[in-house]
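In order of appearance the chains are A, B, C and D, and numbering begins at 1 in each one.
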Amino acid sequence: MIGGGQGAFIGAIHRIALQMDGEYELVCGAFSSNPEKSKAGGAMLGLQPERVYLSYQELFEKEQQLPENQRVQVISIVTPNHVHFEPTKMALGNGFHVVLDKPMTFSLEEALKLRTVAAESGKRFCLTHTYTGYPMVKEARQMVASGKLGKIRKVYVEYPQGWLSRFEEGGDNKQASWRTDPKQSGIAGAMGDIGTHAFNLAEYVSGLSVTKICADINTVVEGRQLDDDGAVLLKFDNSASGVLIATQVAAGEENNVKIRVYGEQGGVEWQQSDENTLQVKWLDKPAEIWRTGTGYVSSYAQHNSRTPAGHPEGYLEAFANLYRNFALCIKADMAGEETKPEWEDYPSMEEGVRGMAFIEHVIASGKSDQKWTDFSI
Amino acid sequence: MIGGGQGAFIGAIHRIALQMDGEYELVCGAFSSNPEKSKAGGAMLGLQPERVYLSYQELFEKEQQLPENQRVQVISIVTPNHVHFEPTKMALGNGFHVVLDKPMTFSLEEALKLRTVAAESGKRFCLTHTYTGYPMVKEARQMVASGKLGKIRKVYVEYPQGWLSRFEEGGDNKQASWRTDPKQSGIAGAMGDIGTHAFNLAEYVSGLSVTKICADINTVVEGRQLDDDGAVLLKFDNSASGVLIATQVAAGEENNVKIRVYGEQGGVEWQQSDENTLQVKWLDKPAEIWRTGTGYVSSYAQHNSRTPAGHPEGYLEAFANLYRNFALCIKADMAGEETKPEWEDYPSMEEGVRGMAFIEHVIASGKSDQKWTDFSI
Amino acid sequence: MIGGGQGAFIGAIHRIALQMDGEYELVCGAFSSNPEKSKAGGAMLGLQPERVYLSYQELFEKEQQLPENQRVQVISIVTPNHVHFEPTKMALGNGFHVVLDKPMTFSLEEALKLRTVAAESGKRFCLTHTYTGYPMVKEARQMVASGKLGKIRKVYVEYPQGWLSRFEEGGDNKQASWRTDPKQSGIAGAMGDIGTHAFNLAEYVSGLSVTKICADINTVVEGRQLDDDGAVLLKFDNSASGVLIATQVAAGEENNVKIRVYGEQGGVEWQQSDENTLQVKWLDKPAEIWRTGTGYVSSYAQHNSRTPAGHPEGYLEAFANLYRNFALCIKADMAGEETKPEWEDYPSMEEGVRGMAFIEHVIASGKSDQKWTDFSI
Amino acid sequence: MIGGGQGAFIGAIHRIALQMDGEYELVCGAFSSNPEKSKAGGAMLGLQPERVYLSYQELFEKEQQLPENQRVQVISIVTPNHVHFEPTKMALGNGFHVVLDKPMTFSLEEALKLRTVAAESGKRFCLTHTYTGYPMVKEARQMVASGKLGKIRKVYVEYPQGWLSRFEEGGDNKQASWRTDPKQSGIAGAMGDIGTHAFNLAEYVSGLSVTKICADINTVVEGRQLDDDGAVLLKFDNSASGVLIATQVAAGEENNVKIRVYGEQGGVEWQQSDENTLQVKWLDKPAEIWRTGTGYVSSYAQHNSRTPAGHPEGYLEAFANLYRNFALCIKADMAGEETKPEWEDYPSMEEGVRGMAFIEHVIASGKSDQKWTDFSI
């Protein structure tokens, strides 16, 4: 693991996610750019001291020297955005598989370079767009793909948060500080942090690609350097249209991600606050409540849950699903066996590139006087 | 009553709403432009045959000739949009108070003329923007007005329906036929029918005025003459921003009106499917569930409900609230007494003019290549 | 109308319910046992002074003297329980149809006598068990009756309220005072007031009859004279079992009536806080959300609603459904036409007798050391 | 781990729960009474073959011989009920801490013996009543304990399932087979499996002890050997009363555990289908929605969650909380440090004994003609 020392929210989440199913063992790490902090992080996690490194460069160098059966196999990178590209490139280049926190890089340019690196490396890459790990998000995608809803017409996705309603940065709030700092986050704040999740969810569930956008991007809280709010009109490649909302100043909202997709015959609705339910609505018959852990859901939903119906699984399990599917693919590769489509269903390089393109286009559209900005890579 | 003969949805609703509280008695009507149908409508309703008229012109003429204490006092006009202006103008001009179904007129031009007529007549005018008649919508407005949420930053309003997901017009579906016909509806379909409700709700609850819009307007169903779908980015006069969604092709949705307004300290959320609840969310403390019929709600919510907490009131009561408040004001006027602010809180001429301006601006914005269209009257 | 003067909750509800659909006109009344109050009540309602009577005895006498086409046809009786039997008996005996508020009488003995009177009179009788007037309660009954759920096994019904959590009686709270007074309410408090509703709902939806009960009856608030809380184990005539909960000391609850009925294949769930929805659950497939105003619901649900799907109807419309169905039957009788089963579906004498039997048995069971008390009439 | 081989539901759950927070490492096991299956189970989990034992007796014997720093420290026992007592007794007697699945033993007699063994051993013991591991269940308990609700008056707890609506036993359904078999489950079916959870939840949240019960116990599905349904009237030591419902034949229900506790001033409501929410209701002010991951919840709720508000945690995290708290206590003991009250808040021997007493009393009450059965141990 690179990054994720003490006080880092997402590092702890990654560790729980990878441990949960017993598919991974944490063996080494460079937990901070500060050597003392890195050591402390490793000690807290009970790692062997000699495999707690003072930098990611050292990690790759030393691990490469270990015999193959002792060497780390998968690198989790959970640093702020500006420290995504270099370690990922080095990891892939040195023969390690990579799990990387989103958004993929600091800029679209880096993302495109990384795509080339990954393709040449032959190694696997997973980008942690957590929400696509939820079984009922997968069920929504399968429902759309089945054609039962007919041709898709509307996609509404929203991610309202309230935690940046005040000026939180610059003090103890480490999360707020780096996420609102253009040097660490890149050109976007809310749009990079949560807008990319919403965008990914919209394309994942609908199976469509965005072709045009029209964005209203705002910095609501005085003194903030990056956007903390935005709304985007969307056009898709099948002529469907939609709306994406992402805001960090909806005071009182938690992480209320929600997606609705409507076709000619019906629609699906999922939201994180009722994570194990997929609402399926129909034009001429009663709406249905599809639930995880039941016998009637698709192989995708079944594969990505662990408990019987009614025993809820949540965010950590969604996260763990990404890690587990990634591991299942790697193990199959190593055993020379075929992977299953359910395992391959984790976000990867293309999603990463499109996410970075979203950031660049949405910020550009926000500044433009023209209504529509073409979305192309 | 003018319009609202057999098979007319909204005429029946108006009749229930006006009867419910015993403030009105239906005494005369011109229920259809077809004389036979008008007679049949009157007979069905048990009116005296001599007060069932064959045209609204005849209604005004004959009622004027009756002694003042027998004459009708308030005219309900529930015709399609293209028959709003003339009868309203005549009613006001002949000394009757008017309740008119929304949108106010066929065009903004007519709306502005009507405003002048109304001002000169000295008569009262109510436009039935039903949703502002709900007690918890009023509570939301009062909560914003109280300042407890701080300065308003975001307004999200949506009105998804699914009933026009297919091409329904031209056959037996009278509702679908006139609402999708530019000769009867005007230049807008969904935006006129339900977009105006959403717009009115946004301004009513937030207490703000829209100053700029950016619209994506679509006709999704093939062969349809008017828009059946749209999404609009909004800017308000205090620098808040928002999103308005109105669609008739969200297959499986009923009349799922919802509004959320967020300020610096918290937000309010109301939706018609849980009509007696106002969710109040706060930055640093638990969200609250405010309910109709309780002792802690404002005088506005209390005045506009009839039952104890837990006994739900719905759409018809919201509608009846408009009629009841209108009656209370008229009776106070007649008695030379002061009205109360709770009674005066019904939608009237200004809301009607702004609604028509919304229609014209939103259709223009939909056609424009420019992002923002100024909203001014 | 007998009873229901100023300050009476249920009288006002009855008046709205009867006016709503234009099927009734309020023409006369004896609104209070206090002559001044009766006059004041009549004046407030705009009745002709000569038809505002000082007692119900006077009402029957004088109305009988009017020509048949002017005479009142239906008597609404909305007095406290101890003034149910006499006026109902006189009304039926004098040739009037009667709508009576529940519970039917002061004692089972009176109820049995009234049944005889009613049978001899040939007049119609409606007991206002409001909750069976909701369209989705009717849908639940039809769903059970259709056999789709299989043989019924479990019935859970509950009616938690919190409004009597404190000692409210004896002061200004007229509602609390008479409902907790054995001289006006009879031998039961909560069990009579809301337990009878829950009991009626259980038998109505399940289509079954209770055969045995085991009750825990409590007076929780110190100083109260009647029960304010209870729970009852139930056995039904098809060997199903169930639980009935009724309490007035669940602090914070409103009027949260809820019923669940399960058969071999699935179950139905309805609650007043989401009144236009019937949840239908299945053993091996997704639960369904059945909604009022849709095309797929039964003729019973369709007949008992007025608005399109998504425009909620509530308690007053449920109440009005009882009145409307009663009127439709009377009108058909008068016209010598057949009534429809949907119209005849209003609570009447049998429900009233069973409700009074419930009160007597449940109080007896509460005092018994034996587990099961046979429920028989 | 003892038990929990392939196909065992609860064994897999225990393994996820203990791995999640990195506090435990699975080092040895006797996974089945069938030696081949035990070996297969160990292999699947990647254990060292020499630490996969063919019986639990062998496990204790061999592990005892290992040096203390290599020896297993905590034994998880996840066998059917009839194999709880012996291995737990041996584990405690041989100096191991024990985590045991509920219900604690096969009979109350065994439970009482085990209590003595545990007391003498000085070892820690955790019984996995999962639902008390949920942060908002802990919050409910704290809310009651704070006195804010006033004296507790009513406790309603219910656990409806539908999975045994058909005769499932005797075939491939291993879960159904042992749970309905008196040789493996003991004298109770539903009451032992889920009734004990409901009972534990009622006492945990209310902080009260049951003193009397009156039970209706049923075997609904033909041919079944044990109860699959029941309802119980409850009396508590402070004079509060309540109802407990547990059924496995509510067709269409999942694992819909729910508890409501009401005091003089308000009530709390929690249910597993909305696991991260605690509804707090008040007599005279709006209900509140308390949520995990927020700043305003108690130290108990905070300690038992891992993610920010809005990122749901579920059943596996609730389970993991039991394991984590147990580990924190053991580690503190070993370090000679004080434990915290938040850590000690896991179900243990007293809860186990009361659960077994519940089973014996509830079955006895079900057979009794007397209404009330004293609950004493």
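Structural remarks
Note that in this section a contact is a pair of C-beta atoms (placed from the backbone, for glycine too) under 8 Å apart; a residue touches a chain by one contact, two chains touch by 3 or more.
Computed from a predicted model, the values in this text were never measured in an experiment.
Taking the CA centroid of subunit A as reference, the farthest chain centroid is that of C. Two chain pairs are in question, A-B and A-C; the one with more C-beta pairs in contact is A-B. Here the CA centre of subunit A is 35 Å from the CA centre of subunit D. For the pair subunit A and subunit C, the distance between C-alpha centroids works out to 55 Å. We define each chain's centre as the mean of its Cα atoms; on that basis subunit A and subunit B are separated by 43 Å.
Residues of subunit C in contact with at least two other chains: 253, 287, 291. Residues 280, 284-291, 294-296 of subunit D are the ones that touch subunit B when the two sit in their complex.
Across the complex, subunit D is touched by residues 149-150, 153-154, 156, 162, 165-166, 214, 216, 218, 220, 229, 231, 233, 241-243, 245, 247, 249-253, 260, 262-267, 281-283, 287, 368-372 of subunit C.
Subunit C makes touch with subunit B in their complex at residues 9, 12-13, 15-16, 19-22, 26, 45-46, 161, 163, 253-256, 272-276, 291, 293, 306-317.
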